[in-house]
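Two complexes come next, and they have one chain in common, subunit A, joined by subunit B in the first and subunit C in the second.
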Partner chain A sequence: MKSRAARKRMMPLRSWLLAVMALLLLPLGGCGFVDIDKRFFVVAVAIDKSGSEQKPYRITLRLSIPNSKIEPGMEKSQVETIEAAEISEGVRRIKALLDKELDLGHCKMFVLGKKLSHDDISDAVDWMVRRRDIQGSAYVAMAGSQGYDILQKMPLSERYSGNSLFLTFGGDGTRSSYIRTEHLFDLQRRRTERGMDPYLPVIRTTGNGYEVDRLALLDKTKVRTILTPEETQLFNQLDQQYVNSIIKTKLDGHPIILTATDISSRYTVSSNGILKMKVNIAGAIEEAPNNVFNQDWGELQKMFERDLEKDAMALFQKIQKAGVDPFGFGLRYRATHLSSRAYQEWLEMYPRLKFEIQAKVKIQGTGLIK
Partner chain B sequence: MLQRINELFATSNDVKTHRISNGSLILEVAYIATLVEENKLYDAIFVPFSRELKPFADVVRSDPSFKPVEDPAIWTDLMLRGYVLLKVEQSFFCYFAAKVIRNTSPQTSVESSIEGPQIALSEDLSDSANIIRARYATPDLQVEEYTVGYLSKTQILMMFDQRRADPKVLSLVRAKIRGIQTDILSATGELAKALNDNRKRLFPMELITERVDRVSRGLANGKVIVMMQGSMFAIILPITFFDLMVATEDRYENFWMSILLLSLRFCALLLTTTLPALYIAIVSYNPELFRVQLAFSIAGSRAAVPYPSFVEVFIMLFMIEMLVEASVRLPKYIGSTATTVGGLILGQAAQQAGLVSSIMIIVTSVMAISNFVIPVYSLSLSVRFIKYPLILLAIFFGLPGVACGLFFFVIYLCNQRSFGRPYFRLILPGDLKHTDIGEVNHE
Partner chain C sequence: MNRYFYYSFVMVAMLNLMLYVPAVLLENRLNGAVSSLIVALVIGTLLAYASTSALSKFPGLGLPEILRLFLPEWLVKTLLPVYAFMWFFASSFALIGFTLLMNRVLTPDQPAWNLYLILGLLCVYGATRSALTILYLLEITMLLVAPLVLLILFKGVRSPDLSWDAIYTIAQYVNRFPTLSSVGAGTFIFTGYINMAIFNRVNPPNFRLKGRWIIPATGTLILLATFFLPIGFHGTMGVERYLYVWTQTADSMTMRYGFIERVVFVFLFLYLGLSLMYAITGWNQSMEFILSVSKKYKFKVDYSIAPAANWWVCGSFFALSFVGLLFLNERIDFEIAEVWLIVRMFLEAATVLFLIVVSWRRKKPI
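Our next item is the complex of A and B:
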């Protein structure tokens, strides 16, 4: 046993060691310490095909310039673009053009150019998924033409840069039945999952801002077909039960429009190659000829049902013809059929799959009090 | 006797010794004039002695307020505590005639309450004991007396409910009080420190209170109350951490509001400890944690600040700690001016001068205000300290550092024992006499 004095003499050594160890901890923080005002926040990234052989990618970043006073239209942002052989190389070369640290942490918008999407999105999505500072909840979309044009466009109403796109896809702002949001995590899931294919909303520029009402359907790597706005809405209704959307029919040449307030859709895929889908829609009439209240509502409902079945069948057949599966029918088949060859069976079955759609529409009111 | 006393108190002018005679009896009296109320002396000793309606020797023997003193060694002790020494026919007596200067009719001032009892404990032990006895009228209330301090000879009172208090805690406290070695004991905080083995504890292990309702509630819950002469605060022990977060009013007011206020206090506790550290960690390491709007507006408001975020935090913390300290020490009239000048003008100006960002002003004031929400002063002091280690961790390790630091504090709290009882637990078991999980018998 050590004497008290000896232990006392030991103490300085031990505290020295502790102090040295504590000092060694300090550099562990590394270069992570960068103040918020020394960072350049990227709000959107566009990846295009440049067309050249050596440098096939064209990377565009939209950088926000922070302003202490936030007013609509006061927002300034900077767009940097570069052509590079690889995406990561391009981003690093853009770093050399800037005076502050590039921060992708707030980058919630990724726009893939039309050419790239029709060619192969694998490399681009792979890069997004791998980077640790890109959030899985970022939105991914396809540009109507060049991703660069989308980023150049700065809508008048923006309070801070990128806000228009964030609001469009985030569901905080506009809620449109024509917009289908695709998150990065979901895109990656659809890219890798067997029996489910990815899709991307299509952004086009207009006079004042953006127009997002189409959906591009992809196989695992590239765009196969693009849905029209009506088809996109129907896709949202059938797949996500998207309410506040509309269905149409015609009565003696007059359009009648029903706002759906309640949608349910259910389907089963049976192994004999038939997909049965039941759609129930309830809603109020929003636009109709004046005398609609006195019409036979049962008749009207039948008309809605007939048109809905027809449209849905057309949509399914279009998707089937394109050879893609954005609904995830294949995944459902795999989940409900106990066989190690289920996916194989599905792949063989899908081109010949028959659809049986049973729609039921209920008119809850005409929107007017008699 | 008188000769001996004169030797003991050789140079004290206020030691009075008299040898008086009424013809039949010779009385020797010794006392310290400054400690003794001379009126009492005349009423009890000099007047009956000179009139001699009854032989004074009989009076002394029959009146229980005259206590016989056998041991000459405690003469000085007795005199220093305000006793008068008497020698009547070769036997010695003492008579208590102390004059105690104290705060009159004490009102709660440190832990004020709106509808709770407004009277506080007194600086005089007997008054305090009186107040407590009046509110805890049961024969189970036991009082033990000790004297601590070689020079101050401070009287200490330990009160407990003998049916409810844990005997293990009692013996531990007794041993601790007997073991105190100090010259002067002048405040309850000092006593509380002396009762603890570890002076470097981060959190208070006992509750110091002036509130009578807290004391009587504590007694009913089997706690031990330790009070000292000359301080209007009592120590309640053992406690749990959550006792420190409860204000007495929580029991008096609306149930839902009390729950809300209690949870508010815990939020405030979390905010006041972590907010500056989180500010550094988020602003300098992980700005993606904010919403985009906030990130941009912070970036905008920080653009003028030339220093890194932690220097900014230190500037503001330094200012706010100085302000709090200044307003505690200053007289009441100047205190409010100091806080106005500091809080409003300095904060505003610092932001306009580009020394700190406007968000930092908010962070600092939220931190300071939430600190004041904590109902017990000693805990609020501890909490004021523990944010600094967290800030250091935030500077070097960012968010993971803060998370680890908080984790460390939770583990540290779990490891603490308040007089052998687990400190960081929600509810003490109803039956306090039986052993408890994680109980340690010897500290």
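Our next item is the complex of A and C:
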């Protein structure tokens, strides 16, 4: 303990320093804080090609209008669109159309127009990744036609603006084996990765809402081919082991459908150019002709296996022909081959790659009836 | 005292997970970063073990006192400012780096120095406190921060978005020769033991550090996470495009049922706490080194009113680093960081070597 006199001597210094500190805090008043009721929250952004030479981009923002009632169909949104020479310019010009500050921090949906996706997505994706307030975990998708149309659509069931699209891709609401979600960070990873190519789910508008059941496969910059709904589901099954999906076969002209409850798929890529994939699917029959219970299950399983192998082969050959690699076969090759030239070898090998698929299907039951 | 050592160790390791260490390592990922990780693991563990055993021979003495025991006074008087600068630079650099990052991500509308005013003044206040207060503060901060950081790391490892193929691909570059800058960066993870240079003064006479296996265990975990998690999330090639790769990695994760969906905000908040704590301990020790230049200086474990000298020294630290901030941007930062990480490694190794040698000589009289 210091004597009281010593403490008295120190007090002026301490208070002096405190006063300086307080003074230094004064310039902090002018920070860029904007109240929540003076902000417009962007819930979705669409980037299209406008077709004009001078202003090639068409930017559309869907803005949420806060509502005191949260009821299906009661939500209100404002959609603003503008043509611009650059994306960032477009967003800033839209600001001039509005009375509130734009906030992109809650935007979880980015829709790229069909024309843009077939042309070059690099600039648009670079812009999204570079912006500090755009989430790395935002969803990115391709529009069936114009991104603008997707944002214009107001689905009836929406409880708040943009909710339909978030639920579709978030896996919180619907869990469909035909939907494949793409996050922004993953898109950026696939765009830059050696041996793995990007994809985008395709959104189309329907009477009441959206239809998302196709997958566009891209090379590093543009769409090369689009998978049908069946192929998209198969892709989900083989790549992500997506359960609650179906596989089909036919018995004497009648379709038999099996709901997969357990899927495992494994593959290796060997250096002599053969990809071996093993798929195991187990599940119960959901739709079948009468008395399937007393059929020879082994025979049925063989039929499922044969059809699955055929479909998978067709899918692999389709993506191989398009020259894209959404599965990341190339990355697997690089991961399992110790060579600095592995990627070069892979590029030479991929067009001639042979596929060997071994499927195993197990029927666990026939549902509640024979 | 045991646990305070590990708080300090884990704090430094976790802080470096985000700042310059991953940037340096990831830049070298295709030429020698992986083997450097192994080398850094060995060197870091050895240095930590050696320094803790050496310091246990000098209970209650800090590095300044030990230097005085064995070296002539003029040499001590030149060495202490060097150490002071080391601690000051490391902590100010981390604080400036974090300020720039916060400024880029959270508050782009205001200049960086504006943010630094608040953070820096907080650190001035913290650093002027007594050693005991700072150790308590360290304990509270680490108990609040560490579990959540570990949760985020665990979330990252378990994420289905993590591409293990990318991680295996990069792990194959283990056969490349280690590079100096990567080893320097890797050993920085283990550098928490160095805070004992001053805090050893607080140790009781019969102090023995227990559970030293924690050093290699947590060090390895954090080192691997620092390097491989961003690769798994951003790919073998895309990972080098990001300026702040760990912020982006945290932004790639979501906590759907957490209170805050975007992990990045939780992450930044945690690292705000860590950076402040790191700067506070760093400035405080640097201050102790400067004050110890005077032979008459008497170290006190605790005091209710901070001496005026503390305020002057920490105030000038703040002023110096504030000027530094005005000249720095990310590009210069990364270049300085790479050199700094190497220089620091050698300085630290030399210090530890000195401590070992003198601790052997000390054995005989006791």
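Methods note: the second predicted complex is superposed on the first by the 337 of 370 C-alpha atoms of A that agree within 3 Å, B and C clash if a C-alpha of one lies under 4 Å from a C-alpha of the other, contacts with A are read in each partner's own complex, and residues count from 1 in each chain.
Throughout what follows, contacts are C-beta pairs under 8 Å (C-beta built on N, C-alpha and C of every residue); 3 or more make two chains touch, one makes a residue touch a chain.
None of these values were measured; they are calculated from a predicted model.
When both complexes are overlaid on chain A, the residue A:274 reaches neither subunit B nor subunit C.
Ranked by how many residues of subunit A each touches, subunit B and subunit C are led by C.
Of the two partner chains placed by superposition, only subunit B is touched by A:64; subunit C is not. Touch criterion met: A:331 reaches subunit C, while subunit B stays clear of it. In the superposition on chain A, A:135 contacts both subunit B and subunit C.
Of the two partner chains, subunit C is the only one that A:183 touches; subunit B does not reach it. On subunit A, the patch touched by subunit B and the patch touched by subunit C overlap at residues 25, 28, 32, 135.
Across the complex, subunit B is touched by residues 25-26, 28-29, 32-37, 39, 41, 43, 64, 66-70, 103, 105-106, 108, 133, 135, 159-160, 162-163, 166 of subunit A. Within the complex formed with subunit A, the subunit B residues making contact are 283-288, 292-293, 295-305, 308-309, 395-398, 401.
Against subunit A, in their complex, subunit C makes its touches with residues 104-105, 107-110, 114, 117-118, 121, 124, 160-161, 163-166, 168-169, 172, 233-238, 241, 248, 251-254, 256, 262, 264, 304-305, 307-308, 311, 315.
Contact residues on subunit A toward subunit C in their complex (touch as defined above): 1-2, 7, 10, 13-14, 17, 21, 24-25, 27-28, 30-32, 129, 132, 135-137, 170, 172, 183, 185-186, 188-194, 196, 240, 328, 331-332, 334-336, 338.
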